[in-house]
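The next part holds the structures, each set out as structure tokens.
You will see two complexes here that share chain A, one where it goes with chain B and one where it goes with chain C.
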Partner chain A sequence: MGDAFTLLFTWQNLALLFVGTSLGIVVGAIPGLTASMLIALTLPLTFHMEPVGAVTLLIGEYVGGISGGLITAILLRMPGTPASIVTTFDGYPMARDNRAERALALGILASVVGGIISWVFLAGMSPALARFALQFGPWEYFTLVLMALVMLAALAHSSMVKGLLAAVLGMAFALPGIDSSTGSDRLTFDQDVLLSGFGLLPVLIGAFAISQILRDAAAPVSKERPALPKSRLPVYWSDAKVHGLNMLRSSVIGTWIGLLPGIGANIAALMAYTTAKQVSREPERFGTGYEPGVVAGECANNASIGGALIPLITMGIPGSVTEAILIGALTIHNLQPGPLLFQNAPEIAYGIIAAYLVANIIMLVLMWGAVKYIARVAQIPRAGLLGPILIFCVVGSYAINGSFVDVWVMIAFGIIGLGLEAARVPLGPFVIGFVLSPIAEEQLRASLMMSDGNFWEILQRPYALLFLALAVLTLFWPAFLARIRDRQGALKNERA
Partner chain B sequence: MANLRGQNREMAADLILSGLVAFAAAVLLYGAASLPPPRFDPLGSAALPRALGVLMLIFSAIIAVRALTRRKLPDDDEGWVVPNEEEPRAASPVRGLLIFVALVAYVAALDFARAPFVPATTVMMAVSGLVLHRVDWRTGLLFGAIGLGLALGLSYVFTHFLYVDLR
Partner chain C sequence: MLIRYCFCGFWRAARASALIAMAVGAFGLVGPISLSAVSAQEFPSKPIKVIVPFKPGGRTDVVARLISEKIQEKGWLDEAMAVVNVDGGAGANAVNQMQRDAADGHTIIHWHHQLLIAAAMDLGNFGLDDFKSIGYTGGGSPVWAVREDAPFDTLEELIAHLKEEPRSLVEAVGIGTIPHFVGAMLANEAGFETRYVTANSGADRLRLLLGGNADIALFAASEFLAQGQELKALVYFGRERLPDLPDVPTATELGYDVTWANPNWWLAPAGTPDAAVDALSSALDKAIADPEIVEYFRNNTLEPYWMDGEAAMEDARKTLDQLEDVAATIQ
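Now for the complex of A and B:
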């Protein structure tokens, strides 16, 4: 770990981390723009960088992107990112009550504390978990990927069927190209352009950035302007006593929710908020501009990043779209996320952990010092943002292979993304299905080759069975819960 | 009334989705049918496309059935479907469409007409400013100037540092 910090503390890497965190905060503060969009757009720029530099830039963007959302959530009641929705509940009433500076101060402080506490888990658990994951064979990996996909699709969104459909569609779009096992073409329909399949970056940029830009272009223009903070951000030593326990509890909740694939920072924030409300002596004050509400949400959403990074670096399993893009980034640099990352490229595995901590500290300094100026970014007219982002999308997609085919693929996936969102099919499982499909297929084929085609060998693999059981449980748990609720309702009616 | 209209719109969207997914599944199964049988491993390259195709057909059928029955039974419990949060209504789909047309025209100009990057980007930015901000010559000029600066900057960075020729 010490070596990772030494490696990180070169002026180039620190500069990249600073740039990444700044960009992330600015993008996070602009409603409609997300950290995943930023990371997808900057990924082509990292091709020529050293892997450590590339990873630090992207981690900075991730941390900044989630944290920046609190600014407009508090000042405008427009969460810059979905992770900050909960912050609007109490942050905006505080701002309307002339306590914007206090809300911002607590939000920034809570974000940093959440980040640091989840970093402790990340640094403490990851190496041990990676060592444990070294016992996994292809069966375990296949079932782990299956479990992650099912959880992502089933838990994260409103309709399970549509979530699962999204994952299956994503997997299907990853199929065309050369089959890595046989070396022959698959589903190319005699089209040469399909031989290399659909590239990850054009798919990501199209599904997230292009569809978002087209939606934003059509959306109504908000005339509301943020009330910029006027004085210094007030924070007191007594805050540690007043909010300390809430910060610790919310950070732990955020970290553990982040660990689970597909739940996401917004649900982590909501769960921490609900828990804080449940244990509070004044639950009725939540939602009226109550400080613990801001603290709980911001601690948890930032802590969920650290939690989500744990399965990413130890097992190569993405917890959200942003992690899926980070996996893509590592793959582009010929690095395979998973337990072997700690053996084959320890500087990257520990570099991610170190960069996450430093990014949180940079975020604190930047947001504390420049919150007034960052809030002004929300005042930039939409036309001034969408046009340049569109150009970046085109240039970024073209730069991957120097080919316009990728740009057309990006546009096509922009339309697909727009269509899926219009039909309320979530994009997260779609993209993660696209990323995980080759891994799942490769592991299943390797498993069956090792067991001479005997699928029942899975019964001799306890961890694989556990993952499979969890996947099945995830699928049927909501129906089971609904049935229990129905039965309880019927019993109540009978008694009445 | 508004509720019923929203429900009809959702039903139509679900039916269209179901049809498109069924079509995609058919394409997948058709493509998988022409793949060779397993040679080097027990699974072969056609297994996953076939499995995904079948799953897509099942999901498509479920979505279609749910869409059709939802209208007849408006109070029916939707199983696992939880009501979605309210989505902001699009103010101007035409603006979105115009931006899309501009994007396609821009890429087509760069790809097929071999238009030089800097002038094409300048024009694209001016058009996006006119569509998204206001239609007047000042806006056109301002966004054109921003586009020119952006294009020159990108061209310089990509050519000199990333070794990508933007032309």
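Now for the complex of A and C:
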């Protein structure tokens, strides 16, 4: 671990982390631009970097992207990222009440505390969990991925049917290419370009960036200008006593929700907010500009990143779209996240962990010092940003393989994404279905190969049974779902 | 062509265009003096594009870059060699890219026997007839390994166990990839049968083997050596024992006629003039004998040797026959 910090503290890596975090904060603060989009667009730039530097940049963007959203959530009631939706509940009323500075101060502080607490779990659990996960075979991976798919489709969106529909559609697009279990081509229609299937990045950039650009180009320009924070951001020593317990609880909730694959930072924030409200002595004050509301949401959404990094580095299973891209970044550098990453590339495994902590600290410094300027950047008319972003999308997709086919794929998925959103079919499960179904398929078929086609061998695999049970439970727990649905009004526009 | 280089990745683009700029500059300097000697047929007349059908960083890519740099450094060809990575589609993308350029030797591919597997499995619209073989610059062979605590110390014990209880052991392979074909060649030869579990990368095979979810897996000798103590190698598929693994017998020694020496194979499009192929092969022949290259090969469990184009093609056709037998069993 110490070595990882030494490795991280070269000026290049720190500079990359700094650049990544500040880019992330700015993009996170601009409503409509998300961390996933930023990471997908910068990935082609990392092809020829050192692996540690590449990962450092992307982790910085991830942390910054989730954190920056609180600024616009508080000042404009427009969450910069879906993860900050909950922050609008109490943050915006506080700002209306001339307590914007206080809301920002608490939000930033809570983000950092959430990040650091989940880092403790990340650093403490990952190596042991990786050793444990080494015994996982195809059955366990298959059921784990299945659980992730079901959870994402069922929990994260307003309609379970539409979530599942989106996931199945995503799976369908993952089918063409070389069948990993027989080595023969499948659904390629004799087109050589389809032999490697649809590339992850063109699909992601298309579904997230292009569809967003097309949608924004048609949207009216918002005239609303935020009241910029005027004074210093106030924090008091007494905050530790007033908010300490809430911070700890919300961070732990955030970490554990993040740990479950497929559930994003937004759900983590919502869970922590609901819990804080339930245990509060003054639940009626939530939603009216009550400080613990801001604290709970911002602790949990940042903590969920640390939690989500755990299955990523120990098992190689992406919990969200952002992580799917991070895995893509590692595989480009011939590194495979999974139980052996700690053995084979400890500098990367520990480098991710170290970078996550340092990114949180950089985020604190940047946000504390520059919140006023970031708020101003967030006011740049988006029309001016769409053009350059579109150029980045095209160049980035082309750069992956030096092939224009990827650009067409990107544009096609941009239009598909636009259509899906218009039909209110969520994009998160669509993309996760696309990313996870090849893993699920490969692992299921590997399991059946191992057992000579006998599906009941799963009965001898206790962990696989456990994951399967959790997946089934998620599907058929209407009481639980009903409670989640109550909150869905606010989550309409979210994605993984 | 310049444009195609430029978009292959920002840094690669910078590097490639710098190379071209240097090459063009050098030509400009030398040009006027040697103009009388340069006829229209002279090869090479522009930088040579070396297509690698994989992402940057793998063995095939590194060897292509080392050899290209060496040839350039020593001036064995008059022009620069620029490596371009075109991965995906089981190599079909790379072949398409090659066929888009003229068959004049200025666009070549550096590949290995995955080409034969793609041909045997009928992936992509290409076969051996689409290529003219320039030659092999050495190659490497894999080992078959089991966990260190496995009850077998020799291949004989393992095979005896499998003959007693057929299909009782699980082999981690990617169906239709090199580990699958090599294992199946041995199984056909020795007459045993294993069960398979899909594992499409060396890291996956290692994970399944160490986690107890597979019993046997194939590793490149360098992968095996890097892993160290937790594995036990039972057989090496090279023609002779590997100096780094003096105690691991070859399959041939044990009486099984199975070798898998995966070469660094240089290929030009069919129809490339012989003069260009000869110029390339003479440069490659010199490069593989260079002490620095030899040292890199030895340090990375590769064998440095030169096999000329025709001999290489003959070797490849023989291997393809064997692979087609295996492919017939899975399709």
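Just so we're on the same page, the second predicted complex is superposed on the first by the 474 of 496 C-alpha atoms of A that agree within 3 Å, B and C clash if a C-alpha of one lies under 4 Å from a C-alpha of the other, contacts with A are read in each partner's own complex, and residues count from 1 in each chain.
The rule is short, and it goes like this: a residue touches a chain if its C-beta (ideal position, glycine included) is under 8 Å from a C-beta of that chain, and two chains touch if they have at least 3 such contacts.
These numbers come from a predicted model, not from an experiment.
Considering which of chain B and chain C touches more of chain A, the answer is B. By the touch criterion defined above, A:G387 lies against chain B but remains apart from chain C after alignment on the C-alpha atoms of chain A. Of the two partner chains, neither chain B nor chain C is touched by A:V279. Look at A:V472: by the touch rule set out above, it reaches neither chain B nor chain C. Contacts of A:V193 after superposition on the shared chain: chain C is touched, whereas chain B is not. Using the contact criterion defined above for the overlaid structures, shared-chain residue A:A240 touches neither chain B nor chain C, since it reaches no partner. In the overlay built on the shared chain, the residue A:S159 is in contact with chain B alone; chain C does not reach it. By the document's definition of touching, of the two partners only chain B reaches A:G453; chain C does not.
By the touch criterion stated above, A:H48 is placed in contact with chain B and with chain C alike. In the superposition on chain A, contact of A:F136 is made with chain C only, not with chain B. When the two complexes are superposed on chain A, the residues of chain A that touch both chain B and chain C are 45, 47-48, 181-182, 184, 395, 398-399, 402, 445, 449, 452.
Across the complex, chain A meets chain C through its residues 44-45, 47-48, 134-138, 178, 180-185, 190, 192-196, 199, 332-334, 336, 338-340, 344, 395, 398-399, 401-403, 442-443, 445-446, 449-450, 452.
Chain C contributes residues 4, 7-12, 55-58, 84, 86-90, 92-93, 96, 121-125, 167, 170, 174-177, 180, 195-201, 203-204, 206-208, 210-213, 226, 330-331 to its touches with chain A in the complex.
Within the complex formed with chain A, the residues of chain B that make contact are 10, 13-14, 16-17, 20-21, 24, 28, 31-32, 35-36, 39-45, 48-49, 52-53, 55-56, 59-60, 62-63, 66, 77, 79-84, 88-100, 103-104, 106-107, 110-111, 121, 124-125, 128-129, 131-133, 143, 146-147, 150-151, 154, 158, 161-166.
Of all the residues in chain A, the ones that touch chain B in their complex are 45, 47-48, 158-162, 164-165, 168-169, 171-172, 175, 179, 181-182, 184, 186-187, 189, 210, 213-215, 217-221, 381-384, 386-388, 390-391, 394-395, 398-399, 402, 404, 407-408, 411, 419, 422-425, 437, 441, 444-445, 448-449, 452-453, 478-479, 482.
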